[in-house]
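Shared chain: subunit A. Partners: subunit B in the first complex, subunit C in the second.
Let's turn to the complex of A and B:
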């Protein structure tokens, strides 16, 4: 009988200990999840989520450069911003995410200007990044897009990895969006330490404009399933922008698709704004970009949604942008 | 009395019902023949395209690709919405290198819009307002490196990475070739 009492006590202790551990783990997991600090894969594993860099308030939040040479514009915008100090550290894995969605040459404005991409990549290398990766999941054939856009050639002599995705390069992730749920996401996106979004500003037949917030469609796989994202497009864009949370956004508005976007296709569809804008607030960047097309924030449904989700401010003037003529 | 009332009632009902019936209509034969003209048997789009050497200014040619309603997003992403809102059936496309320059390509797209009015709607939307006619097809426009025209339910777009007089000649050459092929196939 005494033995039975010991066994019962042991059993209760073990059960109590096990339950406490389980509760702690579960509670911890949900705490992480509730704080948005974790990502759950389709296989149920939980990954630590990258957090955007936090810079001191004296750093400019928005820099806008205008001039003739896209490489010089980009370099000048970064210089005004304070370079990559505090953003990219020695040993970081940096992902640069341009828009290389289309099998088009640079002069047609459908992709991010290769000179802009090259300038950013070079700055990351100079900042001591362990790896600098340039990647996108294009709408057209990926190999042709990286080639024809001029990005591959522009990066040729730099120690940069050009990652042209295949089906194997995606991981199912719970996006935790209101309409975008579980989706295959580029593995390099999940594994990078620092994330620089480099969209090109363009007209878009469905979204009105495609700029920074819309550029995250390019980290998704899913093939033909990507068409689903066009069904509630503004909310999808906002969901993905909330998911991505880049450290920096560099908006290439040097040569844009002004009509017949997003793919354009002939010189008559392009305009040159000769502008590059750089900042930490992705909503503000897009709000500024809208003004280049003579559009207001209310004309771009996903921008107010971005504000609603706490991703930034549409009042980019309130950020006291630094403006340069180069 | 009851029988008379009932019969009268039934008679009245029959009268009212009979008068409200529309006379049976003869099928509109003119409409039928117009309808059949507007919806012809679909062409083999792949067979319409020239090989590279058939048109002056073209060099090599890429493989033919075709996209239906389910695959149009794959081809043009967000631009597909406008086409899918209409009776878009399929698009055939081929790309050519040109003798104008190493990286100057010519892309030919033939959209089967299902109905001639939808082909015209797309033409109105996609062509640049105020562009001069290219004198091809039922309606056409040429400007800034692109030429578009309509032939029955087909909207055809020929576009180049560059622009200028030499490009315009190439666009026109291709467009007339396609016009002839479409006419022969109809």
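Let's turn to the complex of A and C:
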């Protein structure tokens, strides 16, 4: 009988140990899963807002280049601006944020022109940046968007990190906007020293036009939730523009989607404005962009909101833009 | 090492190699970027991911029965046919990855006594069940339903691993990474490795995936009862190869002078092919007996030759000796009964209201799919289209397509939409159930999978009078299929506002389901795709 008792005891012990282990594993598993789910409801971290670099007043605030070759246009605009001096110093981590929202080839104009992105990335590398990161969180399948837009290929031989976000590359941040509160924000955005916004100018069915300020939708995660912002489009664009504060904005208006935006989908939806505009004032760039589409500032609801928030001026002529033909 | 042992080692090497190749091809059934075409970039598929299925004679034969045509991509399977006619079931013993896995599961950690193993590997009558299953499926195929993919070992393995086991493993690894180190650099690089080399960055789960996994685990665990349980009793491909190997030239030979009738040759016999019985029958002191080596059951594993201490067992190309028999063990009556049962099942599974004769709004097939009846004659439910879809739009059906359509591919747009530029599912389909098409075919609306319709009781602008335009923004065609009609809406508090209300123009909709996927409502989408207007049914092409 003694042996039986030992067996029973050891049986109970083993059962207990086994179930504890199983419970711990299951509990741990679901605890982790819950953490993942809390993205929807949690209160995000508050980060100090980034401040754009201040440049000496003699530097031009807006350079507009027109011509045939997107690469030369971009290079010329930068040259007129005085290069990246004072913006990118050696050792900086630079994030270039193009608009690569859609699984569309370059000829359809739905994404930032690969030649423009490439030129800027090369200038950053030449300026001695420690890391040059190109990233965007697209609407379609991210890997496909980077491939089919031609951006990945265009950057092929440059020492540049192409960061295609996964769901783990976001940090829950309190954006402190009027309508944009806590959202998952791209980690590389939070960690960069210098930020260059490289939007493409396009028709947009709900925002009228998408240019620089609207491009910050692409630093947000949250999947399907991103659609909620569309119920208050203009205000959410202004909130994000106030949060993002780029050091430079380079507007690609070489080939634009002028209808059926923001995706286009047919060469018939595109037009070639053959223009690249570069500047430090994100509102002025968008105001200038609107004129390309023969629209006034009052037609684009988020531009006055940007002015209201003190992000820049809508009167881009007051910045005495440098205009050049290339 | 004697040449008898060498063969066993070579067989093991071959099994490991084939298993590794199989897993690698399964992982390579994945979006690999684009190659520049004449007009535009097209999706690349650099590796022959359907290789194993192309060598599957059962897929070829059953499709021949079902459709009356031999699909050219499956002609490679003739190689296996010829190989089997000459050498017996080497496919089962040397190549089949499910066979290797079964063998491994039966072997690992097994502490079974040799005596018990010898007893388990004796030939039995139940081995004929697999022939019945084979004829059942072939009978069904001849009368119009191709169900062989349910139990074909290659389809079973691709489906179970690709849609359930590998995703579960990915989930497990990621959970462990997070447990170990949370946000640390180690966890990040671990996730990065999984993103780049395993299943990709988006966590994959498939509709009903856990059922597939549990069934598969069950099939593997049966090997603990009887080694190679599935191969011996169930596998219809093994049965077909068994039939082909009836007169294989390579056959077992027992040196009657040397045999001591110890029975060790049966201890590792994978197919329960009666090698010991054959030895016993020929042994000096035995009474002779009637049992003999069954060529149709032998998997050519060469365990018997390697384990015989006397070196009495060998294989050679010789005219079969007296006493050898194919050992199929299925009478003419059994053959007829199982074939007829398979044929009779066709009207039975169709004796239920539903597709293809009744509307099936949720049966949205992948783009390029044949018409439903031909589709069911071609689809072998391997799941490769589901594995390759970069948006996880395609899932194994439950009953959306009726009993016949179980585990056939169905698009569930709320989980993933069909990317207009993509044609990977057609590239991987081994049987032409999904026909080749181009991006332009999709754009020109030649290939459409359904039509989207609003549920205005759910839609935010329609039901709450607040603007929302996510579906319209996402709608890919040019011009868009979703458009707005601005109307004066009265809200519950009596205020009025001009609200753009989204509408669908059905003629422009391709049924891609992007709208359904992105609708920002947290539960059911306010715009949903039905199969109406799918281009695969020419007589039903108009969505209106």
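Criterion: the second predicted complex is superposed on the first by the 277 of 326 C-alpha atoms of A that agree within 3 Å, B and C clash if a C-alpha of one lies under 4 Å from a C-alpha of the other, contacts with A are read in each partner's own complex, and residues count from 1 in each chain.
Basically, contacts are C-beta pairs under 8 Å (C-beta built on N, C-alpha and C of every residue); 3 or more make two chains touch, one makes a residue touch a chain.
Small disclaimer: the values here were computed from a predicted structure and weren't measured.
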Simultaneous placement of subunit C and subunit B on subunit A, clash or fit: clash
Dominant contact partner of subunit A by residue count, subunit C or subunit B: C
Partner chain(s) touched by A:309 [first = subunit B, second = subunit C, both, neither]: neither
Touching partner for A:205 - first (subunit B), second (subunit C), both, neither: both
First, second, both or neither for A:143, with subunit B first and subunit C second: second
Contacts of A:263 with subunit B and subunit C, given as first, second, both or neither: both
Touching partner for A:168 - first (subunit B), second (subunit C), both, neither: second
Contacts of A:227 with subunit B and subunit C, given as first, second, both or neither: both
Which superposed partner A:158 touches (first subunit B, second subunit C, both, neither): neither
Subunit B versus subunit C as contact partner of A:295, first or second or both or neither: neither
Superposition clash, subunit C versus subunit B, among 146-154, 344-352, 452-460 or 488-496: 452-460
Common interface residues of subunit A - those touching subunit B in one complex and subunit C in the other: 104-105, 139-140, 148, 204-206, 224, 226-227, 230, 260, 262-263, 265-266, 268-269
Contact set on subunit A toward subunit B in their complex: 101, 104-105, 107-108, 139-140, 148, 204-207, 210, 223-224, 226-227, 230, 259-263, 265-269
Partner subunit A, residues of subunit C touching it in the complex: 31, 33-34, 40-41, 175, 178-179, 188, 191, 195, 200-203, 390-391, 419-422, 443, 460, 466-470, 472-480, 517-520
Subunit C-touching residues of subunit A, taken from the complex the two chains share: 28-29, 32, 103-105, 139-144, 147-148, 164, 166-168, 204-206, 224-228, 230-231, 260, 262-266, 268-269
Subunit A contact footprint on subunit B (complex, rising order): 70-71, 73-82, 103, 107, 126, 128, 143-146, 159-163
